[in-house]
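What follows is a pair of complexes built around chain A, which joins chain B in one and chain C in the other.
== the complex of A and B ==
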């Protein structure tokens, strides 16, 4: 029962080793990589089914690494939220792996060998981050994920790639130091790093002899680290250059998986760990009535995250409109779309009723799924266009709809999903986010969401007009689309459509995930920190 | 006394690291990043305290009489992990800065940044060497 929790990690770890071992046999390596990713998707499906979705499933399962009970050992926890995130990553990962089989051929020989192992190490880091129940272990998984993504951003080794990579590395090294500071501070304050134990101790600080006040500031540090990973304003500036520099299948994974780790960490720590913390907060700007007051650190997460999300939506949308290339538009669009995901999280943090909080987290999760699928689709499509035509600049494109109808339809579906048209996945994402904003009676949120939606329509239309409509340009006329690449993109488009049409099961899964995120007691009970041991 | 010295050292390391990170020389920036990482490690080490040990805290010494005062072993394990990760990251950052030098012929961040502006829009065409 509990081994199923680590199955996805084992599969990608073994695949990474095997693809490294057989690096000099291209066919074998590619086959292994594909089989490994398919195996990963199966392991995730098995995990989601046995732990969460099957009738009578326990809803949560734990794996105590090395058999050491919590809080002494590292605990891995799979609950609804982890399973939902993993399912999302597995879908994007599979499409990206299929796309990669035809993309890696185009890359120089010395780099081809390392592509597949790193791909799986990236997946490993993401999976570990979703499953761990220990704060320091989360730091370690972040580093695993980052190390692989550093290499991918620097992959082509040209001037703009090394520049983007250095910026990305420098920022994340600072973020890692800040993360360590927060971890050290939390340990000094509470005497534990196990998330369940942390939640229990903070809920009743007097019983454990803890002075919980520093926790608020330390949580602020953590929030800034996760916001950097998610690419929220004001930590967004590494995104455009890094997304343009990485190979397109990896960019799809960065947008669809790595970014979501930041969002996941914000949701997990805000609601499962710190929501129950008994820390009265009362902050005010001197000389004004402006201030924050509440009974838990969430009181400050709400307004701060709201400001970041709103700024992301505006900055991303405005930035995307004027970009000269397809990937540039989508990279900026990623900043805006993460704002759409973070906004309901902020509303949930500010919420007073449990029911509304669940709705808002649910909205964030559904939107995250939509963004992962649609954005992965669009980045892969941009990669397919670049493979076929050698360019992604609007100045050299045009008329792709005529030359590559299947790809164009898929891009059309993806763009509409970003905009939020029914019956695609984006419609329900946007619908739920708007519903959350209306229920919260947050007028400011509605204005920002509407503005963001209009900007989305504007840049999606521009991509379509400049890239796909009109008479084919020289580059497009000479293009030969790769069938496998197009198939991966079309499969994702079918996924976007399927999620929209058969939305009920997805909604139920997301609802279970949102409940799991808010169920701090159930989480603590399953992990059982110090039940008998302490 | 030790606490004050440690706090001052952590502060000084952070200050020096931040100062170096703001230099124009790429290698100095890497040193700055490494220093900030070490400052964080040192801080992590100070998060544990020396506890009057009992046999519960040091089970190895059960049945061996008195247990001396012991430092918290957990933070040391954490720092060890963080040092290894930091070492790998610093090595990678140094190799990467060498590659940046190879590609740009300079380590001056102002010049490297200027190149980005001048290449700007045109680069999208040859962006990514996937056609090589």
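== the complex of A and C ==
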């Protein structure tokens, strides 16, 4: 059996339990948490290497939990796409865990004790969502991830945190109910929830005696749930308050990892599961020529996701400009940036040629990686500023560049990566997204992308001007930066730089990931739900 | 209320135990047994008050006004929760050492046991026991923390 597939999950699961058991010994707990996250990164690296990157690697590996065969048991599938996403999460998680070691000690007993277990449960949920090959199991991992994040949003227990948490919980409970409804509907329609089995059955509905038409609407429900997790407009409104309420290392993880689960789920379900579905669609607005027609549910993903992505870019960018605090700017900015990730996915869904579709998914993945690294960096930096100065409001800041040069350089690198300057990771992300838009000959997409980029430059400049340049304010002069926190931020900045300079292997990895996302047949073959090969 | 509780609580606990032990191949299981056990405790709390367990059953002195999460009983509940999680995860990890997938289960059938005759020992019971501890520990922590507020 390929235990390597499940290894990352086991490592975080065991770490969560151990940190809970040894909760009353701060040093041991912190050490375990750090070792566990490092072990997680190693397990992910091993998984990525043996399954995807090594010469002659199979490219895909499956694991049947409990030994029950697909499609009845829970299948875990590691392919290029999962491995790419996991590698991204492991990098962000490691930086966030290092940062956390210096962030947890000064908060109350209960919060301190449960921080590490919850941190790892959050990682566990994200990892499970990336690895699972079963739709209901995906729902379960979403819940695992959400349970931990509920606690983190309400973590400080102040009025604004409770308000943010209440909104977050209420919204996500509705989303979970919708998710479950869609999953139940899919099961009723197709008789399976195993993704590979689902893809096979939908590709040839007559052979399995199913009427696939309801699938279109159910997929629409799923899409809205995933858009909510990713924070796309019109489901973006929970993001700013939740991101401000959660502790900064967790916000880094929320922006860098859990958001990407939404994007991952959209890519996986759109291209691996529903792309081959044989369901002719023809929808039109009554009384007009406007309408959507196509041979699979992907036909409506394109326009709908495009509208959502474009709106996100504009809303996020415009919203970020006027925010009064660093975290506020970055929280709005991540709404816009997810738009940048979703836009090429929309173009890929609308594409007709396989080659272009691969390019567009590749662009989305590279941009997602850039956003995860840069945004985690910036949120951690905001956290470091907050622990050193006690504030993140622009009115009380200024002159950080003088007081904390290392941190400021890292933030500078992160902001430029968001803007998309070479030779940083952001340049290639933006470049590929623009290339996808040009090749798709989507004029509207280009306009939105350009406007979004300009807005990014505007708010990045504003953060720099208000927070880092100028004469140091009183809060900044008295500040003492924590070295470990700064080191975590600088390490991420080095990562952003490294991805930009040594882009070739990253590109190849992303290309493998994009191919894996589109290779529905290979996916189904590896999972083998019919059990022919067995 | 108190009379009812005296009669009902033992019955509830026995039913919970039977649900726990036969859960792997009959309706029942760790989760529902844990919930049932918690209702027995909830009944005790309602009938006799929050301090009854410590003062009446364990014969300890209780300081009133202490932070609920540092209360001794609550600390015990939290330990139970952590131990349950460790048991569940540990039992799920054991199959890996035998070269079979995570969470795999097996069973042994014992024949000729006095009184019972045919007894089936399933490894799933260990996992269920972990789930049971997690549910009891978690729910009782919530119940006593929220109840004390």
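Annotations
Note that the second predicted complex is superposed on the first by the 530 of 534 C-alpha atoms of A that agree within 3 Å, B and C clash if a C-alpha of one lies under 4 Å from a C-alpha of the other, contacts with A are read in each partner's own complex, and residues count from 1 in each chain.
One rule holds in what follows: contacts are C-beta pairs under 8 Å (C-beta built on N, C-alpha and C of every residue); 3 or more make two chains touch, one makes a residue touch a chain.
Note that the structure is a prediction, hence the values are computed from the model and not measured.
Superposition note: with chain A as the common reference, chain B and chain C can be accommodated side by side.
Of the two partner chains placed around the shared chain by superposition, chain C is the only one that A:3 touches, whereas chain B remains out of contact. Of the two partner chains placed by the overlay, only chain B lies in contact with A:181; chain C stays clear of it. Of the two partner chains placed around the shared chain by superposition, chain B is the only one that A:392 touches, whereas chain C remains out of contact.
Using the contact criterion defined above for the overlaid structures, shared-chain residue A:238 touches neither chain B nor chain C, since it reaches no partner. By the touch criterion defined above, A:23 reaches chain C but does not reach chain B. When the two structures are aligned on the shared chain, A:162 is found in touch with chain B, with no touch to chain C. Touch criterion met: A:64 reaches chain C, while chain B stays clear of it. Set side by side, chain B and chain C differ in how many residues of chain A they touch, and the one touching more is B. Rounded to the nearest 10, the angle made at the CA centre of chain A by the CA centres of chain B and chain C in the overlaid structures is 40 degrees. In the overlay built on the shared chain, the residue A:14 is in contact with chain C alone; chain B does not reach it.
No C-alpha atom of chain B lies closer than 7 Å to any C-alpha atom of chain C in the overlay. Chain A residues in contact with chain B (one complex) as well as with chain C (other complex) do not exist. Residue ranges on chain B touching chain A, taken from their complex, read 21, 26, 29, 33, 36-37, 39-41, 43-44, 46-49, 74-75, 78, 81-82, 85-86, 88-89, 92-93, 96-97, 99-100, 103-104, 112, 115-116, 119, 121, 123-125, 127-132. Taken in their complex, chain A has these residues touching chain B: 103, 106-108, 136, 139-140, 143, 147, 150, 154, 156-163, 165-166, 169-170, 173-174, 176-178, 180-181, 183-185, 187-188, 244-245, 247, 324-325, 327-328, 386-387, 390-393, 396. Put simply, chain C touches chain A in their complex at residues 69-70, 82-83, 85-86, 89, 93, 96, 99-105.
The residues of chain A lying in touch with chain C in their complex are 1, 3, 6, 10, 13-14, 17, 20-21, 23, 63-67, 109-110.
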